[in-house]
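Heads up, the thing below is written out as structure tokens.
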Amino acid sequence: MARAVDTSPSSSLRQNPWLRRAVPLLVVVVLAVLPLVLTENTNDTLARIGVFAVAVLGLNVVMGYTGQVSLGQIFFVGLGAYVTGYGVQQGWNVVLAFLAACLAAAVAGLVVALAAARLGGLAIAMVTIALPIVGVPLAKRLSDVTGGSQGLSARFAEAPEATGLYDDQWVLYVVLVIGGAVFLLTRALVRGKYGRAFAIVKGNEAVASSMGISPYRYKVLAFTIASLIGGISGFLYMFVIQYTSPETMSFGHSIELLAAMVIGGAGSIIGSLLGGAYYVLVPELTNQVDSSLTALLQGVILLAVLFVLPGGLASLLRRLTRGRRRSGAGSGAAAPPTTPLSTAVSGTSAEEPGKERQGHA
Amino acid sequence: MTLLELEDVTASYGPVQVLEGVSLSVPENGAVGILGANGAGKTTTLRAISGTVRAGGRIVFDGKDIRGLRPDQVAALGIAHVPEGRGTLGDLSVRDNLRVGAYLRKDRKGVAEDIDFCLDLFPNLAERITSNASALSGGEQQMLAVGRAIMSKPRLLLLDEASLGLAPSTAKNVYDAIRKLRLTSGIAMLVVEQNANLAFTLVDSATVLETGRSVLTGTSAELKGMDEIRRAYLGG
Amino acid sequence: MGTFVQLVVDGLSTGSVYAAIALAIVLVHQATGLINFAQGGMAVLAVYIAWWLTTKDVPLILAILVSIAFSIAFGAVVERFLMRRFERGDPDTAVVVTIGLLTLITGVAGWLWTYNNQQFPSLFSLDTVNFLGVSVSQRSLGTTAVIIVVMVLLQALFVGTKLGLALRAVANNPESAAFSGLPVGRLLMVGWGLAAALGAVAGALVAPQLTLTPGMLDNALVYALAAVILGGLTSPVGVVVAAWLIGVLENLAAVYVSFIGYDLKVAVPFILIFVVLIVRPQGLFGRKTVVRV
Amino acid sequence: GREGGDGGDRGSGGEASPGITDDSVTLGISTPLSGATAGPGTCTVAGITAYFGMKNAEGGVEFGDGKTRTVEIEALDDTYDPQQAKANYDQLKDDVFAMTAGLGTPTNRAWRDAAIADEVPQALIMTGDPLFSDPEESPWQLGFVPIYQNEGEAFGELLASSGQQHRVAILSQNDDYGEGYVEGFKSAVEGADNIEIVEELTYEATDTSVDAQMTELAASDADVMFNAMSLVPLAVSALQKAQQLNWTPSWFLPSNTSSPGGVLTPGGATAFPGVYSVAFSKAPAGPAAGDPDVVEYLAALKQYGDYQDPPAFPHCQWSWMVGATLEQAFGEMTEPTRENFMEALRGISGFEAPLMLPDTSVDTTEAGQPAVSTVVVQKYNGKGYDTVTTFE
Amino acid sequence: MAAELVLQDVDLQFGGIKVLQEVSFTVEPGQIFGLVGPNGAGKTSLFNCISGHYTPTAGAVRIDGTEVQGARPATLARHGLARTFQHPALQLHETVLENVLLGGHSRLPGSPLAWAVRTPGTRRAEKDLRAEALDLLERNGLAWAAHLPADELSHGLHKGVELCRALLMKPRLLLLDEPAAGLPHAEVEQLIATVRRLRSEDDITVVIVEHHMGLIAALTDRVVVLDHGRKLMEGTAAEAQSDPRVIEAYIGKDAADDAA
């Protein structure tokens, strides 16, 4: 059998149990030290990446993994931000504000999903796009709570005295801890039982249901989780940006989140991170190049990235580590057993095409 | 006169090479079968001919090397492929599927006649003529796929398990009709078929594939006489 | 009463603006199976070209014709050199590519012609026609008439012609269509070209009213998409009717349903979509797709 | 910011703030340069860039400390997204001496707190939000354009003093912009028994059409239309729709949608008995075209502002005036520090910036008011505007 | 453990099309039951009615005495019904093993939160299920393919993967839709052995739709022949094969002669 067994160095490196344990440790250490050594500006940028990486991660849960095109993710980010901002202004404890943001977004997501998950395909896209589109005037209408079109400021990100940290370092640490936890939990969730269920709901609802997986319930579940994660992202948004207004949830941002998700890599955890980075860094980059041509440059970059990597940035990583699965299967074993004809008859009359002309004419 | 000649054809999906040298030839107006276990490369061989998988070696149709042509260019030369699985356009009605089959033809009248011919051959389709193809039963979809191929009036018909999911009598009718087409219109065919008993009612000769190689070629009679073939493909 | 009828008529003429873009979206979807977010952007580009020509003293009608010709070529080029790479892949990726294209086109238009508002001359006069105490501008009537003509043509294309059949076949399953000898690539280019041409017509119709800017159609796009989903992706007649329905109901809801008002009237099309699609998932006039197990 | 805590020590030290050297000073702008508000946003950059481009070409700007510096502008695009504006600010704050001229309420609010904490000036920005002109709340901020209330009020006062009965219809943008105008207008006509507001509607900035609103307003048969609208396309189509409905009231438009070429001509404004607006800057078209201020401005805008067309938004003029006002402040600065700059900035009064209309001036000393708080009411004359003092 | 299945006067219509009309039969616990008939007779639709993918227009479907028509497929699946599809529907980009693991979904305990924090319970359950799935693949001769993406398998093997997926559900009632389609003769023999073992070792009731009359004859205790949505006859496979009506409608005269 010609099935090539890949034994490239990258795949064998990843097989090494020591390395597999050492790499996460190294990552944690690096993340712990980085905020201390980086400049304020870099820390700010990293924190913002964290905010949007979490938002994209939520979108990935509902769309990348479960296949429901959601154009409403930014609404939940906005909702989380508003609830946080409101809570802080009312003098709530920050933890309480965090929980409230999560809860509000999750409950709103649940309610929307109970209705929207009955629809499929593009219909769900249109119903979810309504969230930001209606959310903006709604936020204005509820100006007593939201501050109307002038928005809501909340400063609650000062580093506690005891830590001896600068504000930007403190902010980044908080983003790293919360964002990191969300990423790890989500990663585990989309690997096992629920990940498989989400994937089959995306792939084939009829099959899903015949496996005991109610597509409706799992769509609602995925949507709710995505909203919850959106709410967390909203909390972080408020923590990092310290301001929100109706413009936060303008539907253009929802579409940008979608683009970031696909560019990072749909259905990929690391892709969510890359998507968040894309969301934050590309506008900065294009601003550096020529701030009057940002739209043009962003369009070019988006198209160029996808043209080279249709599977998103994460597919680059995946490409580098390909073959790992094959070699995991054990070399030699990966060939189908076939009817043992060749040993018995090969050679006897093979490659004698002359004979086939003897048929009817 | 050889219509189609495969010489040492190789093919791969990405890095995985699955055909390692398939050779066979189909004479003008001939009918050749391909036998082989699951995964032997039968489907891939047909796909190599119709241009849906990248192939190496030589694939000569009517004196012209067609390797590297796009599927629609191959079809335009008169090769119709009934693919494995659902070979229909699900969102189009049964009639539209048949009309698409005749896309390359310019003779309006002939097309209308051939649609009637297909509906005669497959009464099920006549009953569901305005239904979306995706609403049809598995067997009905298979009928439609065959019908679509017939509609194009090909010179060479590539049949990939055309009897899959067909009731025994229907399968037999289809093969009878194809045999008749061969007599009346001079179509040649290359037939992949797990139901070897059925296949041998149609083909004059067959090639046996094993892990991407043609290991054995012979006339129907020769092959039917071989123990291994009987045990693996014919039963009894 | 007079106001009520006038509001209905206003809604119809606003709906016609949505319908114009919606038709182009339907065409590209029928021909390629994609939702093209850049449809509006491509239309704006065409209008800019026509506008630029009129500033060079080219007669309006000629300028529009040139922009249509340009659009056919542009649509085909976009398909051939950009979309083709994504046609076999994940549809979400292709949609995001069209979003990127929209960003790029908007950027290019802003760069070449600035973000200033430009007045694009109208094919129809602004004079009004009065009947039943209601006044409508000739421009609205003209726009609506053109849209009805385009709608009929599209319906005829898809139902009656071999080209329409081939376009649908390719959109449904390119690989399978190729087995019947359909030149998939060329048909996709034709589909994009036609849709872009239609977009150019739509753009030229609505630009005088919306005022030409690079983002002219951004807000209308959402409504157009709503009309497309509501009317049924496969039905030109359906989307036009849906667009009108949206335009009218939105106005009536804003005026007569107090808790909606002008700020939340934008919710109307989405509520409508939700209610209708629960009952008819294929949209008002769409052809039902059957997914069998 | 990391400097946040130690700002106090630095106050009197005289050590130079970031973004300023002995021969140059850098100003930062975050404003929309793409997206729906890119038109006016681009203008805000073009005007000030043109102004300092011209000054730099003349050798630079003279500062109060005796040094002559060239002025560099670093403008970033925020697409009217608060988050992006904050990011732009974060990126610029260590490199620029002061932030200025940026357009937008939410975008400027997004980093207001941070600017206060970092002690970075957010000077002469383009928003009529009163918050920025409250020195208690916003020590490092100062708005440039009149607060929205002032503009509405000016027209309201004119109307109230007309001596005739007026029925007013209001159509306003559903945000602080529209609300501010309406609030100012109402406070001016409050108690005036000759004014009756007969219908009041709003629209969203994302709407494609205001036909329905116009139909409803026309049915009210008002003789004055107070139209607090910031979007050019909608302003044009509102004027057109009113004519189609045969409703031709006197019309009020705010300063940023009253461009004769961009709005009134296409809108067919001559059909109305009077179209009024408020302004503090000369319009480059119309009667003022021959004015030497205008000539100089238009030439510089082309040459240094990279802005080829005649400006369709007043923001180009306004940011030109921002440039002049900044120059005025620079001239009073004795130390190259941000603190000193703010002090100097807050000490300008009676400054008639170029392009300013008679009876208006820059006055930064009045608490609760932006740099420009005086406006005059103008009336369209078919080509440009004439200042009026009575409503007829 | 094996389930009893009773259909009583089941009707099914789509628009004007009568797909099933008054179909009644009983499958005893532990039986291997055949369902044959010409194309479009309604066999797959009948499966869909049993598994909940379609709701009969009229009539009753009872599993172990409980009426289940109208119940959701997922509910039925959790109560011990498993099926394969006429057109295999695998997750093509997932590995074969992942595809099979899907069958064990309902048997895995734990809330989303438990899986997100990877409690020891969920880890153990996952590990056990993997072992079980690999064992099933092994027994069906597919262990070599466990870690390949499903789309790298040839078409004929997809049926086998589907069967493993269904078996991992530990069903009491198993519906197989044309399991032998696309298999060469030798593999059909294998399949027959596998299904026999299902009955004897796992105590499952099996209903099979199949056009492969050899398989039907070898396996089934009883068959129902459908034609145009109606029950044409019921009896043993041998009775069916010699029934003139069945020969006329389904097997074909020549084919019957050939077989004879």
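Going in written order, the chains are labelled A, B, C, D and E, and every chain counts its residues from 1.
Methods note: a residue touches a chain if its C-beta (ideal position, glycine included) is under 8 Å from a C-beta of that chain, and two chains touch if they have at least 3 such contacts.
Please read these numbers as outputs of a predicted model, since none were measured by experiment.
Participant: Starting at subunit D, how many touch steps does it take at minimum to reach subunit E?
Facilitator: 2
Participant: Average the CA atoms of each chain to get its centre, and name the chain whose centre is farthest from that of subunit C.
Facilitator: The chain farthest from subunit C, judged by C-alpha centres, is E.
Participant: Measuring between Cα centroids, what's the chain most distant from subunit A?
Facilitator: Greatest centre separation from subunit A goes to chain B.
Participant: Roughly how many whole angstrom separate the Cα centroids of subunit A and subunit D?
Facilitator: That gives a centre separation of 41 Å.
Participant: Between subunit C and subunit E, what is the gap in Å from one C-alpha centre to the other?
Facilitator: The mean C-alpha positions of subunit C and subunit E differ by 47 Å.
Participant: At what distance in angstrom does the C-alpha mean of subunit B lie from that of subunit A?
Facilitator: 44
Participant: Taking each chain's centre as its mean C-alpha position, how far apart are subunit A and subunit C in Å?
Facilitator: 31
Participant: If a residue has to touch 2 or more other chains to count, which residues of subunit D qualify?
Facilitator: Residues 34-35, 42, 174, 204, 206 of subunit D touch two or more partner chains.
Participant: Could you list which residues of subunit B touch at least two other chains?
Facilitator: Counting only residues that touch two or more other chains, subunit B contributes 16, 37-40, 135-136, 232.
Participant: Where does subunit A touch two or more other chains at once, residue-wise?
Facilitator: In subunit A, residues 133, 137, 140, 206-207, 210, 252, 292, 294-295, 335-336, 339 touch at least two other chains, as defined above.
Participant: Subunit C touches which residues of subunit D in the complex?
Facilitator: Interface residues on subunit D, with respect to subunit C: 34-36, 38-39, 41-42, 174, 201-204, 206-209, 211-213, 215-216, 219, 232-233, 236-237, 240, 243-246, 262, 266, 268, 308-309, 312-313.
Participant: Can you list the subunit A residues touching subunit C in their complex?
Facilitator: Per the stated touch rule, the residues are 63, 69, 115-116, 118-120, 122-123, 126-127, 129-130, 133-134, 137-138, 140-141, 206-207, 210, 251-252, 255, 258-259, 262-263, 266, 292-300, 302-303, 306-307, 310-312.
Participant: Per the contact definition, I'd like the list of subunit B residues that touch subunit C in the complex.
Facilitator: Residues 50, 52, 70-72, 75-76, 80-83, 87-92, 96, 99-104, 132, 134-136, 148-149, 151-152 of subunit B touch subunit C in their complex.
Participant: Which part of subunit B faces subunit E closely enough to touch in the complex?
Facilitator: For subunit B paired with subunit E, touching residues are 13, 16, 35-40, 43, 84-86, 124, 127-128, 135-140, 142-143, 161, 164-173, 194, 196-197, 231-235.
Participant: Using the touch definition up top, name the residues of subunit C that touch subunit D in the complex.
Facilitator: 2-3, 6-7, 10-11, 13-14, 17, 106-107, 110, 114-117, 119, 126, 128, 135-137, 209-211, 213-216, 218-220, 223, 250-251, 254-255, 261-263, 266
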